[in-house]
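Taking it in order: structure first as C-alpha cells, then the write-up.
When the chains are written out, they are named A, B, C and D in that same order, and each has its own residue count from 1.
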C-alpha cells in the first residue's frame, strides 16, 4: 500500500458516461492483485471531500487502468481531468479475488459482470489465463443496453467465451446477467462445479449469492459500499457477515471480495 | 441589473497572476457605468460558495471586460476557465463614479490607481474622455514592481498623461501612487481644484482620503469589502460613514464608490 | 417533462399556521432584505412567502465590519440586526409590498420581552400575514449571556406574552445552539405559537492566523449555508416528532432536493437564506424542482410529503 | 525555507496534562483505527499522539450499515462504537505500539458510570500515556435520551469517579450538541480532569429523497469535517476563557492554518479526524506547516501561540 501522485496518461470516454483512465503508477502496479482497488482524491477542493474508490482494471507495464462510470460529482470531476495532470491515489487496497489454487478441482470459471463490474473481472481473467491457463473461462456480461456493454472484446481476446445480456434486449439475451448464470444450471453431477466470480450492482450480487447457495458452487463477490478511509481504520464500510451470531466486515480491508457464503444478505 | 449566463470570449494572463476576461453580456454592457461591478459565480461547486465581485473594466460593443488578480480559491478557479464556457453573472451592480457635470468648474481630473484598481479607472477615463473631452486627465498608477504595472498604454491611448510609481523603484517613481499625488500638491490658489478618483488597496485610499481632506479637493474612492449578496440585501458589506453620529453604508449598493468625505476611516 | 392532459398539475399550495402559501418555499429573514433589493431579479409573486429582515423597536446600526466571512460550504455573519426600526419599516418598507401578491411575514426582535410585545402591538392592523419572533440571533446579546431561545423559561414568557398581544399567525425562530431543541419547540407550542422556524445560525468564528485576530470584528458570528444542513435537518426531524404545530425548515437549502429532504423530515415549508446570495433564483429553482419531483413521482399534493420519512427502525 | 545557523529550530514540543508530546498534532479517536491501519502510509513516530478508537468493556458490533455519508464539506457517520472490547484491545492491539515512540491515549466509553470506572481500572499498569473519556458519542444512546456530556451532573459523576480510579492523565471528550459547552468543561475541571477534548461530532442526518429513507440506517449520525470547523473553533475559544486545564482542539482540521486557528483560539494541542481519510498525510503536513509558520514568524515556542488571539474588543 502506497500513496503517490500519479500522472494521468489517458482519460477518455469509452461509452455513455463511461471512461477509462490510465495512470503512471509502477509502485501500485507491481503489487496489485485482481479485485483490489485504488482510493482516489479527485479534487483538492471539496466536494467531494472523501476519496473515491475504483477497482484496478488492468496493469500494463508501468501503468494501471481504471474504468469508471460518471454517477455523481466525484466521477464527474474525474472525467474532466486532463492527460498530464496528477492524481493523489492510495493503493493497492483491499483483499482481491482468491485465485483457484493449482490443486483445486475447479475446471470451469464463470465471471459474472454487471455494469462497471467488468472492471475488476477483466484483470481477474487476465490473471487466471496466465496462472491457470488450463481453465476455461466463461464471462457473462450484463448491461442496460448495448451501448453500455463494456469489455466484450477484451475478454474474447483473452480466449474467454462471452455471453451477453441486456435489460432491453438490444444485444444478446434479454434480461440480467444473473439469468444467464441460472440458465447454465443445474449443473450435471458428473463434472466439477465451476468457480463463480461476480462484480456488479448489489441486487445482482445478492441474486447470484442465492443461486450459489442453492447450487452449492464456490462464489466470490466483489462488493461496493460507501467508503471513508479505505484502509480499514474508520469502520464505515462494513457489511454483515456470519460470525458467532453475526459480525461486521470491512469492505475496504476484509473485502471488497468476499465469499458469498460468508455474507448475511 | 440582470442575471445572465455570459459566454467567456477571452480569458488570458496579462501579467503575474493578472488576467483579463471578456464576456458576452450586451444587457450588462448597455447599462454599465464606470465604477460598477459584476458579481460572478465562479463555480457551481463550492468553495467558493459566495459570488466574487469584479469591477467592470471596459465595455466594447456586446462585450464587457474584467481585469483580475489571482489571490485565492475563487480567482484561481476563474483563471482556469476556458473560452466558450459560461459564467453566471449579476450586474451591473452598485453606484459608480459620479462624472463631473458639464457645469462644474473642474478642469483637471486625477485618477489614482493601485494594483488592480486600474480596472474601474480605465472605464472611467474612457467615459470622461467621451463626455467631458475638454478635461485633462492625469493618471497615477502604483504597483509593487514594473511587472505588475497594468494598463499604462491603455490610458495613454486615451490621451491621458500617465505617471508611474513602483514600490521597488523598478519603474518610475520609487514609492506609492499616493506619494505621486502629494507631489502635485499643494495646489496653487489661482486654478480650480482637480477632481480625484481613486481605486486600490484600502491603505492607499485612506491615505488619499486624508490628503483630500487636507487640500480640500473633491475625491471619490472605490472601496472593497467582503460581499455576500452584492445587491444590498444582507448588510454584510458595510463601511462606517458619517451620519447623525455615524451610520453604515453598503459597499455593494450605496457604493462601491463613495465621496472620501462621507467615510469614517 | 410530459404531462397528460387529464393529469392535474400537482398542488404545491399549503396553509401554514393560517397563512395561505402558493408553495412551501419562502425566503429567510435577513437574507432577502425588505424584498425590494431582489425585485429586479426575482419574481416576488412566485415566492411562497417573504420573511423580512428582523425589525427592532428603534433603528439599529448593527455591528462594526467586517461582518461576513466565507467558511467551508458556509458563511459566518455578524450583521447585528442592523435595521431601520419599526416606524420606518411601516412607513417606508411596507408600502412596497402592496404591489405584490406574496405573503409577508415580519420578523421582530427585542432586548426585552416588553419590546417584543410592543412590536407586536405596533404591527397590529398592518397589512402583513404573520409574525416571526426572532429569539435566536447570535449576534445580539440581550444584556446576558444567552439568547431567549436558549432558555425554555424565557422562551415561554416571550411567546405567551406576544400571543396575548396579537392575533396574527405567530412563528418562533429557534436557535440550534441548544442541547435539546425539541423541548424548546414544545414550550413554544404550549405558549401558543402557531409554528416554529428551524433554524437560525450556529455561533462560530474564524481567525486570521497572520494577524492572529478574529476575522469578524465581533469575534463570533452566525454560521449558515450547506455546511449546517445535516444538523438543521436532524433538528426538524426531532421537532416534528415532538410538536404538532407546523415547522419551517431552514438551513443550507440550495436545491429542490435539499428542500424535499426538509419536507420529508417534517417541515411544512422551507426558507432559503444563504442560497439567495449564491443564486438569487434559488427559491424559484427550488419551487420548479419540487414540482418536477412531484410530477415524476405522481405526488398530487405537497402535504402528503410532509413528514413522510420512512424509517426502518424507530 | 532558509535558516541561519544560529537560529534554533522552533520548539513544537508541549507538555499536555503531564504527557510529553513532540508536537501538538494528534490523531482523533475513531479516525485512525488502532494505529496499525495507517502505519504503512504514515510515520507514526512523527505524530504528537495517537488517540485510539474508543474501547468499551465488551466487544461491540456497532450499528447496521450504511454508516457513512458525505455532506457539504462534511461526513456523517454512525459507526456506533464498533470495537474489539478492552481485553482484546490490551492483548491484540496494545503490543503493536511498543514498536513505536508515540504517546498513546486510550479512549473509553461505557453504558454506565461503573463501566467507565472498570475500564479505567483495567487499563491501570498498561503502557499507555493517558485516557480520554468519550462522553459524547452521538451514535450510542445510554439507555436514555442524552449523552453523558449533555448533562453537567452526570458528567461530574463520571469524571470524578474515574479520577479516583486512575492516576493516568485524564482527558474528557465533550459534545458540541449543548447549549453551553463552557459550563460542561468547567464541571470537568472541577471533577479533576486534566484536559478537555473539543469536540466530538454534531448530530445530523441526510435523507434519500427518492426512497424517502434516511441514508444512514441509524437515521442520524455524527457530523465531522471542515463544515463544523467554525463552530468547533468558537467552542475552543469559549472554553479557553472558562477553564485552566488544557484543551485539545478538534473539528475539521485539514491544514496547518486550521490547526493554528485552534491553537491561537486556545487549544494546547489539536487532533485530526476526518482529515486522515482525505489525506493520510494530513497530520504530517500540519506538523510541517506549523513549523514553517513558526520559522516565518520567528516564533520560538509553540506554547507562546496558545490562546494568543488578539481581540480588539472583549
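One rule holds for everything that comes next: a residue touches a chain if its C-beta (ideal position, glycine included) is under 8 Å from a C-beta of that chain, and two chains touch if they have at least 3 such contacts.
Since the structure is predicted, the reported quantities are computational estimates derived from the model, not experimental observations.
K.L.:
Averaging each chain's C-alpha atoms to get its centre, pick out the one most distant from subunit B.
P.N.:
A
K.L.:
Please find the two chains that have the most C-beta pairs touching each other.
P.N.:
The chain pair sharing the largest number of C-beta contacts is C-D.
K.L.:
Express in whole angstrom the distance between the two chain centres, defined as the mean CA positions of subunit C and subunit D.
P.N.:
The separation of the two C-alpha centroids amounts to 34 Å.
K.L.:
I'd like to verify one number: the distance from the centre of subunit B to the centre of subunit D, where each centre is the average of its C-alpha atoms, in whole angstrom.
P.N.:
Chain centroid spacing, subunit B to subunit D, equals 47 Å.
K.L.:
Quick check: how many Å separate the C-alpha centres of subunit B and subunit C?
P.N.:
About 36 Å, centre to centre.
K.L.:
Indicate the whole-number Å distance between the mean C-alpha point of subunit A and the mean C-alpha point of subunit B.
P.N.:
Computed value for the inter-centroid distance: 56 Å.
K.L.:
Can you list the residues of subunit C that touch 2 or more other chains?
P.N.:
72-74, 225-226, in rising order.
K.L.:
Residues touching two or more other chains, restricted to subunit A: which are they?
P.N.:
Touching at least two other chains: 46-47.
K.L.:
Spell out the part of subunit A that touches subunit D in their complex, as residue ranges.
P.N.:
Spelled out, the residues of subunit A in touch with subunit D are 1-3, 41, 46-51, 88, 90, 225-240, 246-248, 253.
K.L.:
Going by the contact rule at the top, pick out the subunit C residues touching subunit B in the complex.
P.N.:
Answer in residue numbers: 30-33, 37-38, 40-41, 53, 61-62, 64-70, 72-75, 77, 79, 82, 225-226, 274, 276-281.
K.L.:
For subunit B, which residues count as touching subunit A in their complex?
P.N.:
Of all residues in subunit B, those touching subunit A are 45-47, 73.
K.L.:
Which subunit C residues qualify as touching subunit D in the complex?
P.N.:
71-74, 76, 145-146, 150, 177-180, 202-207, 209, 211-214, 217, 219-220, 223, 225-231, 233-234, 237, 252, 257, 260-261, 264-265, 293, 308-313
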